[in-house]
Amino acid sequence: MFSDGVLAIAITLLILEIQVPSSAKNGLWHALGELWPSYAAYAVSFLTIGIMWVNHHAIFERVVRADRGLLFWNLALLGAIAFLPFPTAVLARYIRSPDNASAASMFYGLTMITIGLCFAGLLSHLARHRESLVPTSTRESMRRALQRTSFGPITYAVATLVGAFAPYAALALYGVVAVFFAFNRSRD
Amino acid sequence: MFSDGVLAIAITLLILEIQVPSSAKNGLWHALGELWPSYAAYAVSFLTIGIMWVNHHAIFERVVRADRGLLFWNLALLGAIAFLPFPTAVLARYIRSPDNASAASMFYGLTMITIGLCFAGLLSHLARHRESLVPTSTRESMRRALQRTSFGPITYAVATLVGAFAPYAALALYGVVAVFFAFNRSRD
Amino acid sequence: MFSDGVLAIAITLLILEIQVPSSAKNGLWHALGELWPSYAAYAVSFLTIGIMWVNHHAIFERVVRADRGLLFWNLALLGAIAFLPFPTAVLARYIRSPDNASAASMFYGLTMITIGLCFAGLLSHLARHRESLVPTSTRESMRRALQRTSFGPITYAVATLVGAFAPYAALALYGVVAVFFAFNRSRD
Amino acid sequence: MFSDGVLAIAITLLILEIQVPSSAKNGLWHALGELWPSYAAYAVSFLTIGIMWVNHHAIFERVVRADRGLLFWNLALLGAIAFLPFPTAVLARYIRSPDNASAASMFYGLTMITIGLCFAGLLSHLARHRESLVPTSTRESMRRALQRTSFGPITYAVATLVGAFAPYAALALYGVVAVFFAFNRSRD
């Protein structure tokens, strides 16, 4: 309930990071067009948090008992996701600055890696405490879930490295990973 | 649950786009009066999101199974609605600027068209996957819902064109469409 | 559910209207002390929305069927309450400005009157459509609820008039009305 | 429900207090690194509100009847927690200012003491009205809960005093207290 709320709020706060153009010297269409990195970053982060919500929800539907470790991992995960509006705004602000685009892209990627590690940590905690889960959760299904989840930080690490050289390509990659997790999930 | 949260937050964030006047040279009443486009845009967007929430809720009450396509359409719809505070603020800021009022009004209208298309896409996905719906949803009722929904993007397209020439009239039209959807819905 | 969300968000957004002092020439304690009108306005508005939430919840616990009119009154009511962070910030910003304090206080009061009228409108709609309510709602209990609610706009009108001459006294009065509604409610 | 919403929103709003660097003269990495007090304050406040949510939830799971006093204490508690993003931002902004760091740290600590006192007030109200609680709540269990809770304001008072001389140490202490409450809770 609380987790759902945090994710719903984090996803909606993303829009607050897009600033209304304070002047429109070359016309408002031009000024609004100049903001395209903000729209792209908004779309990628919205999609990412949305998919994360679906996956988070799917995990916690199987949890019947919350212990101390789970609480910590969940708070760490929520804290990392709720942090995302900040690197999103940094990325939107600096992706067109030749000197700073790679730093902005990598900062965004590091946040994504952190989120991915928290997901993996949470799942591996649950895999070690299967008594917290519904009885139908087999060792095998947990192993597969963990395997799939570990794909996250790895791909994000690749995207972060790509971002060091090609920030735009990295932004596209972040979007692709979100779409992958959406498709992959539903195969189960 | 998550969708309800996103819509509740988007509707409430609208107020953050109205800035406290930083000075009040001609008196505070005058400065507050100058903000009337912000109040009007707030009212229209609040009404619009409110009605959309009712309609979104009515759709999902009939959904018994969420597949991958539905998830995507719903995320796209929520992303478009959660984007609305931004064009609302742009409209409030520029509607009195002779050079930029039509751009601001059309930008708002384009967002509305996008939202309307997402609604139509979601409904037409459900019409093609009636197994996701409660058994009482007949082909006929889905067709009617789709017909009514397709009214949205069409009217918004008209309002957007009107906005190119008469931004104030367009703002009034956006409000009228919201009221239409409120009345029309309840006839069923 | 949606209503609860809107009120929870509106009450929490109040804090965003308090700005971190950008400089602290006479020391940070002094700068933080200078913000006392913000703290007072925060406390009064928080208390007011909190009590309104309790009353709103108590009303809707008795509603079994939502018709078109109820939907409209509820949206109008939520829209007016979600607007409150703005006059709260205006009041905090201008209550110490000799020229503008009365305008700021009256603007706040006008919002409160509007909220009170929406509450009265919603209740009087329900009194005319008792078929929307749980069977235990007698004509007599609705009459009493309406009577008590009509106390709101009247007191707020008095406080608004007081605000024209004594803004600080009006702010205190707004707080007192909230406390009155909290105590009065629970007598039932 | 409403309380959960307020806490979920307060915790997520924390990120809005971190501003995107407006320039990056020495490179964006440097500018992002300079913001470390914001990250630290974010982490400590996020952890604190998260643990408070768990404890608040655990208390209200045992409440079967809400009276007037409980309502007031709960609103006061929520109001104090929802206030936390402000001192968090003040702390992040001023902790590196030699003249103002101790004031910023103590202001943060005073808010924490207030929150702790509200928790203690709420619990002691419940201890005096055990008829509001589920029957399994013994006088002994309430006494222990109260004892543990009173640990909060005392430790926060110590941390506040430490903050007068060593603001960084105080920030670390605030984090430690949150961790203590997380561990301690789960022993029951």
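Per-chain numbering from 1; labels A, B, C and D assigned in written order.
Basically, a contact is a pair of C-beta atoms (placed from the backbone, for glycine too) under 8 Å apart; a residue touches a chain by one contact, two chains touch by 3 or more.
From a predicted model like this one, the values you see are computed outputs, not experimental measurements.
Centroid analysis (C-alpha atoms only) places A farthest from subunit C. Both subunit A and subunit B derive from one sequence, and where they touch, under half of the residue numbers involved are common to the two copies.
For the pair subunit A and subunit C, the distance between mean C-alpha positions equals 37 Å.
With centres defined as mean CA coordinates, subunit D is found 26 Å away from subunit A. Within subunit B, residues 5, 9, 13, 16 each touch two or more of the remaining chains. Contact topology of the protein chains: cyclic, one closed ring where each chain has exactly two touching partners. Those residues of subunit C whose C-beta lies close enough to touch subunit D in the complex are 4-5, 7-9, 11-16, 18, 20-21, 24, 27-29, 32, 42-43, 46-47, 50-51, 53-54, 57, 182-183, 186. By the touch criterion given at the top, residues 1-2, 5-6, 9-10, 13, 16-17, 67-68, 71-72, 75, 78-79, 82-83, 85-86, 89-90, 93-94, 97, 99-100, 103-104, 107 of subunit A touch subunit D in their complex.
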